[in-house]
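Sharing a structure here in structure tokens format.
Every chain is named by a letter (A, B and C) in the order it is written, and numbering of its residues begins at 1.
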């Protein structure tokens, strides 16, 4: 009994960690710009596919591949921001979201062209037998995924709460005019937020690929789930995104395990809707905070 | 001068006439066939090898002089794995391009959407999708054919093998798409015939990352074997999960498993996985006198030389559809009804990549479980089980 | 109706009548049919977003409800098509109310996700429990009006676009009525409206239901035209596509919904020549058009026309 429950739990943690990272990526852009970047899912795919490219195709050492993948993702985020976000003056938020959707189509098209439609995989970061806890197995790579997610959260916490740039980015979201008045280069903060969210997404992709493979069109599903995670926890709250991600992952797994696997996605969505109806701003964001934000 | 000029003119005209004769001899009307493949979209792993096969065959046939001197023109349209697009593309092919027949589409859903259109247009459709409803009931599908094996046949092959090996309790895990659903229905329907009880029925989505929950349930229900029914990366993820969980019971896959890529991606997890596969992937292990071996060998080698990857089962379906049409065209010429009748009556004991076809007015597919070999993965290679 | 709108409407009707005459090709007419079906959904979403200021990422859910209910009612229930279509619209309306009451308290992104969740849940229900499951089902009867079954492409074209014209007429009157003005007021400020005594909540729900009903009508028209449906046509992808149509066409103008629907439906057809690259080109065109025609094609066209008239007048 316990074994079975634990197994379901571990499965939920595995997928939940990726949703959490995607959700955090959404928050980073949202916190700096109030834009929801629906191309966030494609960054995850880029992470997985580029890691394959560097480590399997070019046969570069592991750490070098990781570094290069992060740099590539950062570059893609940079160009996305410079080419499609920056040129627009006073954009309507809805329009921005549609543009990010269009960009995600372009990115997907490029990925399909370069990598084709096949799935790709590379070995887990550490090879070895899965860890067994009370009979339930947890793969080593899953531990890596969860560990990396935790590590990212801690790093980002320090970034946003303790560094000047992080605090500046938060200031931009609350009130860009005021931020400019105190000397913050808003446009640069927007750029940094895109680069950072791309990197976070790519890290998620790098970590999950050994478990679930990666192909060019995994982006949209991850984006939707990650977005739901961010909303569930309260847009803008990274704590919330993490909680939301794990909740969705575990809910899916428990539903599949104890009720019916055909319904697992539905139950997670229903819970999301219920949370929204009773706590419209998400779990961690209060209603007043919501009203203070632009959107 | 004048006489030389006149002579020159005569020779010129004569030369031109001879040239024109030759040009006319080769400038025969092309035979146009339409092809609808899911080159992009969710089913693109089906559509791409199908498209590659079509392009390759068109080249080969035309280099060899065409069909009775007529060049073959295969007009390929991308349905983007979408039914609405399939309808639009079919109409374009029928209307604008005035094709003699259509090959494809790649998925059952898209094929079903085209059934009324093709029947109304009195134009043959040779689908590359597997679902039984595509060609059944036969009386409602006069113009519709398909070249992949029936899902039911693949299931029968698996169950027949299981029965021989004393497996009676089975857990199934299927993908929540048309392919998976068709497999699930067939698995449930045929189980009693082979004395098999389905103790667990699980599902997963096309982009899901982890299926350990579903597999854990199957093990807990007391299954002696697990059958996975999907195409795409899901097969590999299930295989890896099965291996990591050390389930201790054998894993069977559907005929969608038939691609070396899957074995590569799954790595050592694929060891011992069993599946009913069309002979295309195991042609090397066939005896030399097997009726399919020669064409399988040629097709695979040509495809690999041109595209640097294996055609896989799906490329084979396009091969079968095209070659049937080519043979029909060769025999009866560009007449839609005659082509349809030809295929209905003359494709008997016809070796293709999917198997040996026996098409009849009641069976517009013509393959059964003998189209499959039970294959196991050993040391990263295919091995035919006896 | 305003004068400009009347003129536009007249031209619109003329185009509808002329197109099948000028182009006999059933391929073109089929593209036109799908454009019309999409236009119906887009008009509903345009009213919801452009005038009432609410966003919905779940229109595919209502579209699917309309398609499935109408198909099941006519195929398995033996009901006449018109009744089936209406029952589809009714079920969608009820679903819309159930969703709207709690959801419309949400704002912006949160409302978007609530509607997204709804659309996805409907998709999952159709995929799991709909007849045929993911494989869908066929043999759906063609659309028929009393004794006359419509199965020629040309007749279907007239049916669809005739309905679009009716819906447009109704919608334009709605926009210019008191309700319409109330809607636009809500778009600007809930608080002010409440202060003035408007029942904001009731109005929002009504518009939400209206958009759902339009989508359901479109869904039944789709089902009875293709005669085969499966859940994959009613996914989030379609909701986003409709959203694209409204934004590209211009959210502030109802004609934008029609133009947007036509553009988005026709564009992939024009891009066939690019084969594999068509997705990429499609994305690029969308991105560029969103960036440079920000207000939407129709408002920009109207601006340009006004400028031209301005020049013409100035020249005098």
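Quick notes on this one:
The criterion applied here is as follows: a contact is a pair of C-beta atoms (placed from the backbone, for glycine too) under 8 Å apart; a residue touches a chain by one contact, two chains touch by 3 or more.
Being a predicted model, the structure only gives us computed values, none of them experimental.
Chain centres here are means of the Cα atoms, and by that rule the chain farthest away from subunit A is B.
Comparing chain pairs A-B and A-C by the number of C-beta pairs in contact, the larger count belongs to A-C. Look at where the CA atoms of subunit A average out and do the same for subunit B: the two points lie 38 Å apart.
A separation of 32 Å divides the Cα centre of subunit A from that of subunit C.
Listed for subunit C are residues 128, 276, 279, each touching two or more other chains. With touch defined as above, residues shared between interfaces to two or more other chains in subunit A number as follows: 112, 262, 265. Within subunit B, residues 40, 42, 176 each touch two or more of the remaining chains. Here subunit B touches subunit C in the complex through residues 39-40, 42, 76-78, 80, 82-85, 87-88, 91-92, 94-96, 108-109, 112-113, 115-116, 131, 133, 176-178, 180-182, going by the rule given at the top.
On the side of subunit C, the complex with subunit B involves touching residues 25-27, 30-31, 34, 127-128, 132-136, 138, 226-228, 230, 232-233, 268-269, 272, 275-276, 278-279.
Here subunit B touches subunit A in the complex through residues 40, 42, 44-45, 48, 176, 202-205, 207-214, 216-217, 220, 232-233, 236-237, 240, 244-246, 261, 265, 267, going by the rule given at the top. Against subunit B, the residues of subunit A that register as touching in their complex are 4, 7-8, 10-12, 14-15, 18, 112, 116-121, 123, 130, 137, 139, 208, 211-213, 215, 217-218, 221-222, 253, 256-257, 261-262, 265.
Contacts from subunit C toward subunit A in the complex involve residues 49, 55, 102-103, 105-110, 113-114, 116-118, 120-121, 124-125, 128, 236-237, 240, 243-244, 247, 251, 276-277, 279-284, 286-287, 290-291, 294.
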